[in-house]
Amino acid sequence: MTTPADLVCKDLTKDFDDFRAVDQVSFEVPQGSFFSILGPSGCGKTTLLRMIAGFQFPTSGDLLIKGKSMIDVGPSKRPVSMVFQHLALFPMMNIGKNVGFGLRQRGVPASEIKTRVGRVLERVGLPGIEDRQVDQLSGGQKQRVAIARCMVLEPDVLLLDEPLGALDLKLREHMKIELKSLQAEFNTTFVYITHDQSEALVMSDNIAVMNKGRFDQIGTAKELYYEPANAFVAGFVGDANKFSGKVMGIDGQRVTVTTNGGAELSAQAMHGTPSIGADAQIFVRPEAIALSKTAPTDNPNTIPRIVDSVLFNGANSMVLLREPQSGETLQVTLPQTGDLLGLGKGDTVFADWDPAQARCFATEGT
Amino acid sequence: MIPTIPQTNVLKWSYRAYVTLFFIYLALPLTVVCVFAFNDSVFPSLPWEGFTMAWFFGTEAPFIGVFNERSIMRAIGTSAFVAMWVAGLAVFVGTCNAFLFVRHDFRGKGFLYILMLLPLIIPGVILGISILVFASSVANTLEDATNMWFDGLRPGLLLVILGQFSFITTFATLVISARLQKFDPSLEEAALNLGASKWGAVRQVTLPFLFPAIMGAGVVAVLMSFENFNTTLMLVGSDSPLTITMFDKLKHGSTPVLNAVSLLLMIISAALGLLALLFQRSKE
Amino acid sequence: MTDKSKLGFYLLLMPLMLWLITLIVLPHIGLFMVSISEKIGVREYETGLGNYAVFFNEPLYWRTFARTAFMSIFTTILTLVLGFPVAYYIAKLTRGRTKTTLFLMCLIPFWVSELVRTFGWMILLRETGVLSNFLQYTGVIGGPVEFLYNDGAIMVGLVYTSILFMIVPLVTTLDSLDDSLIEAGYDLGGTGYSIMREIVIPHAMPGIVSGCIVVFMLSLGNYLTPILLGGKDSLWFTGLIYTQFITRFNWELGSAFGFLLLALSSTIVFLGLKLSRQSLTETMGR
């Protein structure tokens, strides 16, 4: 890498009285990239972000921004800005005063503040709204003002704490694209935390999946989706059908598992093969499963299944299948084409998938 | 019971009649006080002798109006002086207390909070005599030790101010705390994040947010101080505030000039009340 | 905590401690100390319970004490009974503008000095007053009647002075009761009475308790109303305290009286909270 990374965390750890919120997290975010931290609530991602912003002090480890350690720097002196979960726009100030707040703290002359505020509001697509009050704006506009308030300070790193959480679904979809284009426009490093995997997948250059205070995997959206490092990532990123069972046979990377319900399935092992007899989990993406009304020849995963229900949702339609013996259910993307169009409850279909597209992990903690 | 549940008409109307009667009961004494301020008679009672403004502006005995009655005007001045000090002190200490109780966790917090609430359940007379006794014993000790006079600790305006302050602060603390509790701490963090100092964030973001509550508490404190009787009675010296002056006059038989003062008081209170209400409004 | 925020913490703690210690804690300890000292000569005192003995041996004193307590309890009950329907009406049967207006009208007496309110009742109730004249005019009574200077007049005044402190917390708690709970009660076959008893009153309990405590306290510690509206022999305990302190200059006995009054009000407040299983912080701190 030619340019040094904007943000570097080295073995960052945060202990609270009775538990460890962040456990030896290390990562680098290169200049101008969009980095997401994805994890369920309570995984420690907010604590991590607040440590970067300076609102919490790490127990151990180091934190560098543009190569300089930030450990002894107070929150008001760090070259990072933060977009808060509920945006934290000051209700007692108008938009111009809000956006100019940071510049006023730095003692920038009033005339310069005015031009810079005007310019940044223009860049986020809201020119001339300086005199409006916060509550006169829509949710999406508030979002952009919150970003403008940070960007006017030209921070090295912009932190975003689930800023889309409070928006309704439609606006959220729209803001995903908008945020990504704003990031490209400002060419600033964004660190974005969310529990919503689709937000992370759509916007990010790199994503870290966080679980129980640790980073399970860092990679691009594609890597996380197609090559998950462990069972948690496989289950958390994207939809997947999950089967638990025991390993019965191993052939290179190909593993055969008998599920608890008695079905025999094959999958590709990732990161080391489990031993025979060990507990294992198999993950299969709904879109990796092919459906047919006639039995395909010699595919190891083919089992006849009964349609439990059809969940029609246009192009995203799904079908729930039940395996008659074990009762295990399977969620499959339902193509709205051909003879599958008329599929109804109670029909029997054959579902099969290429073992190379299913993932097998040894069950953790056994 | 509630509008969506049908009731018999008799019940409905007798309920309404009761509530109406209640509000008449509420308004009656205040109305007569106001009306008799304009009675052209030396007693605030029937019969009605005709309308006059003499009890406000009169200059000749016995019709000396409020504005020309030296003792009453001086008492109003004293009351205003006391009220300003009480309100200022109570709001300052109340704001500090609000920050302490809302923002900090420390050992003995629960105990101190209960102690802070106690002035609400101590009768005003007791509050008055306890401060009187304590201040006097401090004064005695100091005078014995130094051979100097400590008149400030004898009944007088300083003790009146301290006595009123001692319980009005609790109200101020409760009002300001309630507002501070609604404050989203991330606003202050945002200010820090944008480069403000700790005190700068409080001054530019938190205090403006608290302003309506601080003003509201101030207005209520002024009113409570103006109206206070029980605590003041025990601590008053030669300069008496308005309520005490009026009480003395009332004991020696009343003239409608008291009605006129009362009416003025009501107008001032109503104005202050509206002011407080406006501040409450601007909260939303 | 960093050193800087520790400093801030102590700066905030200082005014609170200064206020509570010098104006609340020490004065009450001082009051107690004075109450257990007996004067045996010029500026000579000795510790003993003599002042309390005086109280129990003089029927005038303890009778006044008991009378004050009972009348205050009676005022509290009366205020609750009279105020509850009004509070319920405001909270549940009115909406929007009307509700705000009625609620603010309840607050009016608070904005007016107690002295003015009492003065109003004097004008109404005295022999030459409005009520007497009105009743003569309508022919109910033949000649002027004195309605002032009796216990009834005291009750009217006390209830008037304190009823808003009952109504305000009641309206607040009743307001927070969801109408659908009452509807559900009816839907499940409840009657007006059973819904009151099992849904409305339990829900309003915190408001009832805090209202009762404040009203009781205000009545017990009231001085103006009993003195101005009561007759020559309708004594009130605060009046005795005033006499000892200001007229007789017997601070030792006065302090003992004060302490007894404080003990009574604290006991009743404590019992009220215990019986209704409320805490002071929740009830008063709202």
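Going by the order they are written in, the chains are A, B and C; count residues from 1 in each one.
Following the convention adopted for this analysis, a contact is a pair of C-beta atoms (placed from the backbone, for glycine too) under 8 Å apart; a residue touches a chain by one contact, two chains touch by 3 or more.
Please read all numbers here as calculations on a predicted model, not as lab measurements.
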item: Set of chains whose contacts include both chain B and chain A; value: none
item: Most distant chain from chain A by Cα centroid; value: C
item: Best-connected chain pair, where connection means C-beta pairs in contact; value: B-C
item: By mean Cα position, the chain sitting nearest the middle; value: B
item: Centroid spacing, where centroids are CA-atom means, of chain A and chain B in whole angstrom; value: 57
item: Chain B and chain C: spacing of chain centres that average the CA atoms, whole Å; value: 17
item: Approximate Å spacing (C-alpha centroids) for the pair chain A, chain C; value: 60
item: Chain B: positions in contact with at least two other chains; value: 198
item: Complex contacts: residues of chain A adjacent to chain B; value: 53-55, 74-77, 80-82, 84-86, 88, 90-92, 101-102, 105-106, 149-150, 153
item: Complex interface listing, chain C residues touching chain B; value: 4, 8-9, 11-13, 15-16, 19-20, 23-28, 30-31, 34, 82, 85-86, 89, 92-93, 95, 102, 104-109, 111-117, 119-124, 126, 128-130, 133, 160, 163, 179, 182-183, 186, 192, 195, 213-214, 217, 220-224, 228, 238, 241-242, 245-246, 251, 254-255, 258, 261-262, 265-266, 269, 280-281, 284-286
item: Of all residues in chain B, those that touch chain A in their complex; value: 184, 186-187, 189-198, 200, 204-205, 208-209, 211
item: Complex interface listing, chain B residues touching chain C; value: 1-5, 15, 18-19, 22-23, 25-33, 36, 43-47, 92-93, 96-97, 99-100, 104, 106, 110, 112-127, 129-135, 137, 162, 165-166, 169, 174, 178, 198, 223, 226-227, 229-230, 233-234, 243, 246-247, 250, 254, 258-259, 262, 265-266, 269-270, 272-273, 277
